[in-house]
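Residue numbering begins at 1 within each chain, and the chains themselves are lettered A, B, C, D, E, F, G and H in the order written.
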Amino acid sequence: MNRAEIKTLLHEFKRGKVTADNVIDAFSSNIIEPLDFATLDHYRELRQGFPEVIFCEGKSENQVAEIAKRIVDHGSVLMATRATNKHYAAVRKVIKKARYNHVARTIVANEHLVRMRGRGTILVVTAGTSDIPVAEEATETAKLMGNATDRLVDVGVAGIHRIISQSAKLRNASVVIVVAGMEGALPSVVGGLVDVPVIAVPTSVGYGASFNGISALLGMLNSCAAGVTVVNIDNGFGAGFAASLINRKRQEC
Amino acid sequence: MNRAEIKTLLHEFKRGKVTADNVIDAFSSNIIEPLDFATLDHYRELRQGFPEVIFCEGKSENQVAEIAKRIVDHGSVLMATRATNKHYAAVRKVIKKARYNHVARTIVANEHLVRMRGRGTILVVTAGTSDIPVAEEATETAKLMGNATDRLVDVGVAGIHRIISQSAKLRNASVVIVVAGMEGALPSVVGGLVDVPVIAVPTSVGYGASFNGISALLGMLNSCAAGVTVVNIDNGFGAGFAASLINRKRQEC
Amino acid sequence: MNRAEIKTLLHEFKRGKVTADNVIDAFSSNIIEPLDFATLDHYRELRQGFPEVIFCEGKSENQVAEIAKRIVDHGSVLMATRATNKHYAAVRKVIKKARYNHVARTIVANEHLVRMRGRGTILVVTAGTSDIPVAEEATETAKLMGNATDRLVDVGVAGIHRIISQSAKLRNASVVIVVAGMEGALPSVVGGLVDVPVIAVPTSVGYGASFNGISALLGMLNSCAAGVTVVNIDNGFGAGFAASLINRKRQEC
Amino acid sequence: MNRAEIKTLLHEFKRGKVTADNVIDAFSSNIIEPLDFATLDHYRELRQGFPEVIFCEGKSENQVAEIAKRIVDHGSVLMATRATNKHYAAVRKVIKKARYNHVARTIVANEHLVRMRGRGTILVVTAGTSDIPVAEEATETAKLMGNATDRLVDVGVAGIHRIISQSAKLRNASVVIVVAGMEGALPSVVGGLVDVPVIAVPTSVGYGASFNGISALLGMLNSCAAGVTVVNIDNGFGAGFAASLINRKRQEC
Amino acid sequence: MNRAEIKTLLHEFKRGKVTADNVIDAFSSNIIEPLDFATLDHYRELRQGFPEVIFCEGKSENQVAEIAKRIVDHGSVLMATRATNKHYAAVRKVIKKARYNHVARTIVANEHLVRMRGRGTILVVTAGTSDIPVAEEATETAKLMGNATDRLVDVGVAGIHRIISQSAKLRNASVVIVVAGMEGALPSVVGGLVDVPVIAVPTSVGYGASFNGISALLGMLNSCAAGVTVVNIDNGFGAGFAASLINRKRQEC
Amino acid sequence: MNRAEIKTLLHEFKRGKVTADNVIDAFSSNIIEPLDFATLDHYRELRQGFPEVIFCEGKSENQVAEIAKRIVDHGSVLMATRATNKHYAAVRKVIKKARYNHVARTIVANEHLVRMRGRGTILVVTAGTSDIPVAEEATETAKLMGNATDRLVDVGVAGIHRIISQSAKLRNASVVIVVAGMEGALPSVVGGLVDVPVIAVPTSVGYGASFNGISALLGMLNSCAAGVTVVNIDNGFGAGFAASLINRKRQEC
Amino acid sequence: MNRAEIKTLLHEFKRGKVTADNVIDAFSSNIIEPLDFATLDHYRELRQGFPEVIFCEGKSENQVAEIAKRIVDHGSVLMATRATNKHYAAVRKVIKKARYNHVARTIVANEHLVRMRGRGTILVVTAGTSDIPVAEEATETAKLMGNATDRLVDVGVAGIHRIISQSAKLRNASVVIVVAGMEGALPSVVGGLVDVPVIAVPTSVGYGASFNGISALLGMLNSCAAGVTVVNIDNGFGAGFAASLINRKRQEC
Amino acid sequence: MNRAEIKTLLHEFKRGKVTADNVIDAFSSNIIEPLDFATLDHYRELRQGFPEVIFCEGKSENQVAEIAKRIVDHGSVLMATRATNKHYAAVRKVIKKARYNHVARTIVANEHLVRMRGRGTILVVTAGTSDIPVAEEATETAKLMGNATDRLVDVGVAGIHRIISQSAKLRNASVVIVVAGMEGALPSVVGGLVDVPVIAVPTSVGYGASFNGISALLGMLNSCAAGVTVVNIDNGFGAGFAASLINRKRQEC
């Protein structure tokens, strides 16, 4: 579908011959940009409300930089996760204004394009200090997707008063992301205190039998608190993304 | 806190001396009904917006029936999951109008107390026919929590056109629950097609190395589609509960 | 070592030629009663302060009954765990006063021989109703070993106020046993509230990915609360035994 | 079997006293070249239609170089997999024309000996950019075994239109190799679209609970699409080899 | 797409206005028969060359019978796997000529519609007698898909001469399916003896640490013989299906 | 190789034209009795010094009975393991003198053919009473293979004096088989006390996290006592067989 | 709660208006020091009898140093575990007298504040030399918590006389910590010899299938000796902490 | 027991007052040399026929050197396994004649003290070239324990004729050690060809799902060939030790 065809379609839309759904579907399914090592899906932004995000692990610096450039050139917000300093250096060469968050290990650009879309605040809670990098990835994602965020750190269940004394912040959130390693118990406690969705993120923090996050993951999947859903180990990005979809303001409400 | 104390507290609330939050907190933390084998938490309804749900596995028929009676006597909606025919028979003796859904294996009562609270429709999708019991548990939960529901069955990825041809239903949903066994691939496909939250439920359906749902669980946790969160294997109840929290209409929007 | 030899040794002890340790060691290592299918270690009572306990799984009814009879005939307290009704029937034929606890699945006899040996109270806490059988096994063991016991049931972390409101009972205990399935989070919360030893017992209760107690076990091993130690899945007996050793009054204090 | 014996056997074959099968069997079972650290099986080429391939992991540079030299001296095509730069340097010293593919990590030589033997095209598909190295190993193998190859990259299921829009390429293939990490869902989708054999290769790409490819492996083994078979994690070589056997032109058809 | 539309499309095809691919695609994507508990995909036969197969586990007798009837009424070959005697009884009520293979646990009907489509013989080999049921499922599948089959039973590697002495049968096959439990070693030996594709099927046969087929599965995935691909544990159907696709005669060769 | 050919071969052996090895090899590789569901390897007795043993799990009663009859008719000792009462009933119909050991779950016949072949005594030790069935299978195997056996039961490490006090029996053995469940620690202790080979057999006895013998298996594989080798979980037969090969008297010594 | 409020509360306590429990509870729940990356729980010392301990893994040097400084400034004993040399260097800059135990990998300060609180001696036993670092962490913890300690090294079960010959030391202990890798059998032997609590610590020492301590962990969980409880792999700190709680002198005895 | 006491005991032995067993037992249990970090068990040589062997992993260079020196000074053969170059350098400083085998990673000294004790030849077989280091550790151990050894390398099952053509070597062995990675199938084939004990050693060689040797380990434990026993992954030392005990010449035969 070339530029002319898009125009035609849009004119038809204006005259009421096709619906908005028709236009979006057409865009979504037909326009794909083939690189030698990737198939860019620029119109994911139309289908999902957020452009493609680059997962840097297993990609060379050049690959990340080239994909990043295409996304920015296309006029979309850039987000890259699991980025090393080397990835960032390569991206900086082609995108001067790219910013690197070394805690979250994310690269972002075109942030001025972000518009606030959330109904309420996304609260990101961590059980310990060591869980902060994953929480930071979640927060960065939620911000780029247009949400207000807040945070509570180091309020794990071994000192239960720390979380209970923060009930005001908990009540103020419209979605809560809970990041925890070790036994992953915090989401159960939080889930029992609030009446909003809780997304649990296990982290690979802990002694021997934490098995790089498996213990926390299993703890969260088996949470006795209803309303808790789980994402993959250390997957702050996924949690931030899901929380953003939940928090997104829509016309129908 | 006895009845007199509650009244005092409420009068203070009327005169503006305490806030609504104060009242709810007081209720939530102090009133607990101790049985010999359970600690009923009636005011969970105030904290979470839904009364305690009975998980029947590992409980005797008598225990389930007695807890159920207390909940119904307390004027709350009753929901019991993983109930056998024997559990139902015991409950029927003390709650005449209790209803048993033998596919979902749920017992419900006081359904007339349910009021519609959802912003949109919760769509429950299954990959195969064998996934229906878990989907039914999710649907029953969502309905009891005041939501409109819809469903799509047997639209697994091996015949990808089945799900793609249902894009209207997908677009119409405000939350999608995807129930799948075997490789658990359907949530990834659905997650790539919609811009609303997707909750994935792995089921214990499949050949040998499905390992009673572990394969599906891992597939869903590793979904390449952002925005997918996961609940425990065969946990239709958890998915329905989380979807209801997500879909719940709130004042702030 | 025959009866004559034992007398000689004891006379020497009286006259100060050998120490008490010498006598106990001699007894412990040399007197063993060989059956055709078991090697009874009657003097374990001297070494460990409690006679041999019969683990019934994998043993025939006759084997259990014969071993039980020897223990009772020897003048010791009888305890058998994981006993079925059939095991009990066989034991009843040879020990009229044997008692069966069908929740704990234990058989006991010679309870009049128990003498109180504990410094304080052993508190047994369960997260849910389904955890009661394992808690009962722990309680029965602690009682037979001469301890005062107390209990708290169904105070899991999804309703955190239930456990917090019981701080008096928690403060009153000298050892706490916490029995929990699903994510096994309760010991972490309890461990953070008390300054006495906490023994965690995972149970095989829960949805799919609880993996028959592995999730709870891992959760407890990874507890962020220091001072928590763990026994095997569903091993109420082991928890009760360890708690009794901890609680035992000794001369040195 | 020495040179004289081989000649005798071949003369007998000429005069019809022994069959071709007899000759091949004799060669296959009796002629083996013993090195100090390996037992070369030169006549594998006769039995399997491809000479022995060197798996470099766990072998020293010298061992790889020496085995490689024997294979090339024997007049066979050389293929070495999982080769490091150091392995390549050692091989280059003894085989000047050896070529290193640093993406696939393969060393090849004597490529001019390859003759085209395939019935159709082997299509190699990847779910993401990070899966390319494994796909490259598969492609290199298929080429060396005399096949035409084609490829599709980065067409994972989260953007399902990417693969569906390539139905022409899919229809054109006689065997499809699908390389995917994370949840490994792509083979199920492809398997439902084509009527030719699909070989799935899990890769060790992904977040925490991908467990270095186990999730993808399980996803593929549990594929709901019939006709999908699986090879080991990251085993591009095995997939390329199996695809070549499937695609091989034979007299009988 | 109703009957009239199909006619129109076919007329257009006759006049050369649309291609055969267009017609098949249209059929494949648009015609789906919705039942209350299943979405029948009748045109899978056009896409994959074989109609939908019923996997009976987790389906009620009525569900299996109703789906089976639709398939037979549609004029397709019926195959149902993992069928119990009860499933069969229900099917027999609606399809008089249905046949039950109690070893393979398959139900078939409309076998007269099968036409031979294979290039050569599919050989099914078992390591032991206990592997026969899975082998039988593979054989039944291959026959229904139009292939000649042969078999070798109980030729496991502990008596290596048993398989070596059968080299004639091995040489005569165009695809070999190897079914084995325990250590799953037989596919490696067979894979080293033949130059045709080998599909390995692990079975859940063996002592304790066979872990219901995991040992055999891992053994096969790690086969040192190139050209071996693997299907799920006990998945004779999958092996038979994949072997049939490999063996299928096509125009291009 | 028919009867005439065998005769010829034996005559040549008599006249010194072929060696004994030649004769045995010829027998071993060429004479195989094909049944419909099994490939009998009668000459395994020549290669391994013991005839084929029937593993009954997964075989029907008829299959076991038919194979058993062939073995007995062939004049060999019969041994069948993992036999149920039903298997035994079927065998009794065709072999009147067959004997069933219901603890070991073995069927034997033709025991009069056993000749003593051992250098010393094989000692079978169990950690607990529940391990006796597996020990019995090992003992039965060792006896049928011509060995003197002795046993020590219920001497687990929690009462270490029980095993230490039996040093005379330990010193008297030429091979020790140690059967243990739970933590599988006994082989390490025994291995440190003797200077003969120790074969460890894990059993599936124990509480939750024994995981049906995995804990004991891992404990034994990781034994800190050198000289301990391990067989599969509950595999008493394998231990008895290996011990017999070790204990077998040979000409060369 | 500010300084004034604390004073008021304490004056009320003096006049008998509030109890000591009230004061402690108030302190415990309300006074928390928020840093940017941690929530310090200074009054854990009141609740648990020991101040917060810093787990260094996953924390930056700066974070550890800043938390350490706050703890020391607050007048508490400092303990940091899993500390690297870099962590120590950072702490030394702000706390001159901090001491680093490079075997135990602990940082301590304010040791002069430790007061002896134990009833008896805590004995730390290791199976091998390689287990010493974990034992050292346990010992360091026990000492900082005010206990007398003793030790036995390299007394594993393969030379059973080594531990038996040390019965005097074993009898002298009031709690025993047993540290072992490989099969983890030593706690079972020790548990059978003493009548005091035994805490088992698995270590990640051993050959391949020790799986970084899983074998030892499982061995200990499945110990056939009653009275053994377990902490996480390599968790010397947890064992030392639990042993200290057990050994703590209390008024009630 | 001091030197004087030893003399007294030995004189009593000479005069027939105590038996040889008494003397050995006395030595074995009472004489232990305590270092600060190890408890040397010099008399293991009397109990087991071989002195203590140093497992270097997890030990510092100094610790290894000091233990090594004590062993050599005591007049025993020195063997250290899993030694790095650094360990060797430290040992060389105190034991000039120590020899390092860099393939087997062993340090040995006092080899002149070895005396031949074997009945026959121990044959070490490897499936591939990558398995050689483990095989070398086994061979080195067997030699130091006084055995003749032989070897077969790179004879894996994918080229089954390689092992079959070596039947002479196989027949000549009195014990066979089979070292294999990947699927670990070779021991089953060898076990079916010989009538002597086979010890299987899994190695951590292979592609992804070999899981560092677990696949090979499981394959070997599940071997369908009776008479195969297994040691830990990569444990060449254990295999060599067990084979030596099996091969040891004793008086009784």
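In this section, contacts are C-beta pairs under 8 Å (C-beta built on N, C-alpha and C of every residue); 3 or more make two chains touch, one makes a residue touch a chain.
These figures come from a predicted structure and were not determined experimentally.
Annotation of chain D and chain E: jointly contacted by B, H, touch as defined at the top.
Looking at chain C and chain D, the chains that touch each of them are A, B.
Placing every chain at the mean of its C-alpha atoms, the farthest one from chain C is found to be D. Annotation: B-D is the more contact-rich of the chain pairs B-D and G-H, by number of C-beta pairs in contact.
Of all chains, F has its CA centroid at the greatest distance from the CA centroid of chain A. Centre to centre, using the average C-alpha position, chain B and chain G are separated by 42 Å.
Rounded to whole angstrom, the centroid-to-centroid distance between chain A and chain B, based on C-alpha atoms, equals 25 Å. If you average the CA atoms of chain E and of chain H, the two centres end up 49 Å from each other. In chain F, the residues touching two or more other chains are 44, 128, 159, 164, 192-193, 206-207, 209-210, 214, 217, 221-222, 226, 232-233, 238.
Chain pairs that touch one another are A-B, A-C, A-D, A-G, B-C, B-D, B-E, C-F, C-G, D-E, D-H, E-F, E-H, F-G, F-H, G-H.
Across the interface of their complex, chain G is touched by residues 21, 25, 44, 47-50, 53, 119-120, 167, 171, 174, 192-197, 199, 217, 221-222, 226-233, 237-239, 241-242, 245-246, 248-250, 252-253 of chain C.
Across the complex, chain G meets chain F through its residues 127-128, 156-160, 164, 182-185, 188-189, 191-193, 206-207, 209-211, 214-216, 218-226. Residues of chain E that touch chain B in their complex: 28-30, 32, 36-39, 41, 44, 55, 57-59, 63, 67, 202, 204, 212-214, 217, 232-235, 238.
Across the complex, chain A is touched by residues 128-132, 153-155, 159, 161-162, 164-165, 181, 205-210 of chain D.
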